[in-house]
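Dumping the structure here so I can ask a few things about it.
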Amino acid sequence: MTTTAERPVETKQGMSAQSRRRMSSLIVGVAAWIIGLIFVTPVLYMLLTSLHSEPDAATNPPSFFAPLTFEGYANFFGSGTGTSPWPSLINSATASILSTILVLVLSIPAAYALSIRPVRKWTDVMFFFLSTKMLPVVAGLLPIYLIAQFAGMLDNVYTLVIIYTSMNLPIAVWMMRSFLAEVPVEMLEAASLDGAGLIRTLRSVVVPVVLPGIAATSLICFIFSWNELLFARVLTATVAQTAPVYLTGFVTSQGLFLAKVCAAAVAVSLPVIVAGFAAQDKLVQGLSMGAVK
Amino acid sequence: MSTALEPQAGAGTSAPASGGGSALRVAGDWARRAPLLPALIFMILVTQLPFVFTLIISFMNWNAYYPDQIGFAGLANYGAVFTDPDTLSAIWTTVIYTVSIVLLSLVIGFGVALLLDRAFLGRGVVRTLMITPFLIMPVAAFLVWKHALYNPNYGLFNGLLRLFFGPNAVQPDWISDWPKTSIVVSLVWEWTPFMMLILLAGLQSKPLDVIEAARIDGCSPWQVFRYMTFPHMRQYLELAGLLGSIYVVQTFDAVFTITSGGLGTANLPYIIYTIFYNAHDYGKASAAGVVVVVATIAIATFALRTVSSLFREE
Amino acid sequence: MKRWGRRGAVLGFAMLLATAGCAGAGGGGGGGGGENSVSVLMVNNPQMVDLQKLTADNFTKQTGITVNYTVLPENDVRDKISQEFSSQAGQYDVASLSNFEIPIYAKNGWLAPMDDYVAKDPAFNQADILKPMAVSLTAADGKLYGQPFYGESSFLMYRKDVLQAKGITMPDKPTWQQVADIAAKADGAQPNMKGICLRGQPGWGEVFAPLTTVVNTFGGTWFEKDWTAKVNAPEFKEATNFYINLIKAHGENGAPQAGFTECLNAMQQGNVAMWYDATSAAGSLEADNSPVKGKVGYVAAPVVKTQESGWLYTWAWAIQKASKKQDNAWKFISWASSQGYENLVGQQEGWAKVPAGKRASTYSNPDYLKVAGAFAEPTKNAISTADPNNPGVQPRPAPGIQFVGIPEFPDLGTRVSQDISAAIAGQETVDQALDKGQQAAEQVAAKYKK
């Protein structure tokens, strides 16, 4: 377990060193809190706005203490349009979860082949993976649309699974490679001395050790897939619509929409936020690998 | 951070022990490549096919509204891309965005990571707060920035100015007066958590025993930082900077939502989008996309092979 | 930690199976939904949102046809529609298009003509559709390709109470100069109130919708009949200078970003005394929860050299040529654009929310007039007198009042509008903006001159 608290060292100065450290800890704490609150303010304001009625959300100056209402959320769940958000949410979940799993299945062995037992030209392979992210998504929309149309794969959630996997695989490979490179040589040598093949080594030695790293990578892939808008909008129609597309449906150029959209944004971001908060210390722990002793 | 191991052919490969050193080596090579192949083949199939299409379309004259005039255009589209003043200024804007956003979020992210590396009351909570911007759907977040924060009539910023400085407080029109800055601020807000996560991870993996020893030996905190922490962090800073740059170059939602590309804020992805969907000039848009790829590859190659230590093996 | 990992993996796998099971039905290309369905792609304006709400209990109950909607904001929906229709992907049967796209799409063979359906459906009462609307949805080959869902022109909306308090009277057919003078007098009439709200947001359909009408009535035009571009001609310059100076002097805060929504908000919150924009805004201003309900007066779009200057615009339904459910599509259109639907909205949602501006019968409906009386007459007049073929003082090469009906216009209009917004923000001069615009327009004209 990483420890970052400094144990008070008994020095000749004794108390004053300790109180000096407490002072600096206090300053650090205050600074961190201030910055943290600044960063979260837009989100808190979004939450507040989502609980206001439309006219209240658009007053000048902003009315912080307007009466709270769940109108926005009711609207998200279909009070205004009669349509339910659940199909979109389920589609998003399917696309995100499946693509994340596929990314892990593909990236962990690949990262193994780029770090622990690297292929000869591992730098070129790494660069290739990175280069697939250099074509602007907007430029790739048309060819992918035409290919999907030709293959009859429009409006199909599995098309999105494939696209999202290809979107996140390079990052996953880069990240997993960094984690795998931290696996201690001794453990691997011990495994191979025991006669373990690749799958065995991966399963019983490597994966448990980099599990926090896997958690970190899968969370990031999940976030990127869940929030993806451009491909979802272009490639889906009535059946495979995802949550972000459903959300943009509330942004209208002919009326007030702020409270509705904030409510929709909170609702749509909720799964990601829950996953993020639950996993976030696994996330940091995982990204660090200081756990390995 | 230790990098790739280079075990020699002898260290316990599962290659069949058939005779001939070179056969063994070839078998060993393929055994090493095998885990990589699924991912590699998948990526080649899914990304290179569309890219080849984009390349082909970039040499065509294809406007969606004139379907009977589709034909070969040679390098005309590329010429159009390089002579179009909007595209040229978009290139410059993209560079400005990438440099400023990546640098700012790296610096702020590093600062916050350093703070979060120390223990204080509620550290977990602050860490959670700092991650939140990264979890919110970007489109929604930028809508909030545009309408709930920046709006000069009913946005939070002007409302706060009113609250603190009275009803006659200055009420600037944030987006119209500082368009590029508005976009940069919102993107720094979005990407700092990403940088912070990676850097915090790096900080928490620094070799504590060595640092503890140095401190006991009397090194000042500044010396510890400069000669031990920072070199250890270099890999992480470069990784965060590289990944962040790749994403920020492609950023589209912020420009689309906050300014609709007006007031000089249009970057390359946005310009490509307008060429596709306003002008319906598929050939020119594809050519612009190819130009972006080539330029990014050139810059990234230069950065990775010369400046960066990411590809070097210790 | 190992146990967490394993339990987490099992949990994740279980969740995955559950969701895959639910969404498994979602796989499969081609138009979704069962046999008896129709897929509609539409913009998410308030009138369409009401349509969504009322479909299940009315249309689906009557005909048994399920309607699968996709709603998107205007810019997004235009992009998706153009991609869908240009590739004839067949994902949607009906889409909401405007009188700008329909003639162009029809020429490219992307739409199915509706004349046969209209002939076989007398209950639809095509004759009731306002003439300018129907004409604008007819293509060059004389066939009808769209049915309006709601139509709009533009007019001037003003706070009756504010003007009265300041002793200002609004003439019946104001000129732009008169409007500018009134804006000056009404500026500051109430705390935080500016004289007038005019759009400034970049976009060919944003700032250039009202601005082109101002250009028309000042005697300017984008192109003359022989395709000579006239963007930096004296009339266009005069109109643009007038518009921008009026905004700078008495216009709303945040003008360079102000579109319809921002101005609607400003008008409702009492931040402006007047607003020149679409007639459909009146529905929101007179809605029950509007703070300015009953306080707004409506008068014809201000003029200078022409008799009228309101624009003509409609969101209309079009059927995709590649659609395999054209009969269902027509049944949907026939219901959504019918008189019966308007009555339904009036009774269930309120008469101010009726998708008006397309049928003459709406304007002789006593229930509608009781609630919408204030703006019904000016709206109907504005639409009836709009002439897309002759909106200004000189003949035009292509139809359109607030746009030029050529495929290149969205790109041209949006580019020039970026400079106009920059000019409003004070970052460019009007001359610079219009000179750049002239160059872009000349490039477009070059294609048509031969």
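Quick notes on this structure:
Chains here go by letter, A, B and C, matching the order in which they are written, and residues are numbered from 1 within each.
Following the convention adopted for this analysis, a contact is a pair of C-beta atoms (placed from the backbone, for glycine too) under 8 Å apart; a residue touches a chain by one contact, two chains touch by 3 or more.
Fair warning: this is a prediction, and the values are worked out from it, not measured in the lab.
Shared contact partners of chain A and chain B comprise C. The chain pair with the larger count of C-beta pairs in contact, out of A-C and B-C, is A-C.
Computed centre separation for the pair chain A/chain B is 14 angstrom, with centres defined by C-alpha atoms. If each chain is reduced to the centroid of its CA atoms, chain B and chain C end up 37 Å from each other. In chain B, the residues that reach two or more other chains under the touch definition are 153-154. Counting partner chains per residue, chain C has residues 83, 265, 269, 271 touching two or more of them.
Each of residues 58-60, 142, 146, 248, 251 in chain A touches at least two other chains.
Interface residues of chain B facing chain A in the complex, by the touch rule stated above, are 1-7, 11-14, 29, 31-36, 38-40, 42-43, 46-47, 49-51, 53-54, 57, 108, 111-112, 115-141, 143-145, 147-149, 153-156, 158-159, 162-163, 189, 192-193, 197-198, 200-206, 208, 216, 239, 242-243, 246, 249-250, 252-253, 268-269, 272-273, 276, 282, 285-286, 288-290, 292-293, 296-297, 300-301, 304, 311.
Of all residues in chain C, only 1-2, 5, 12, 15-16, 19-20, 22-23, 26-33, 39, 41, 44-46, 49, 52-56, 68-74, 76, 80, 83, 87, 89, 91-92, 192, 259-261, 264-265, 268-269, 271, 280, 284, 289, 291 touch chain A in the complex they form. Across the interface of their complex, chain C is touched by residues 54-55, 58-60, 80-83, 87, 90-91, 93-94, 97-98, 101, 142, 145-146, 148-149, 151-158, 208, 211-212, 233-234, 237-241, 245, 248-257 of chain A. Contact residues on chain C toward chain B in their complex (touch as defined above): 78-79, 82-83, 86, 104, 108, 201-203, 252-257, 262, 265-266, 269, 271, 407-408, 410-411, 414-415, 417-418, 421-422, 425, 427. Put simply, chain B touches chain C in their complex at residues 63-67, 86, 146, 151-154, 171, 173, 175-177, 259-264, 266, 274, 277-280.
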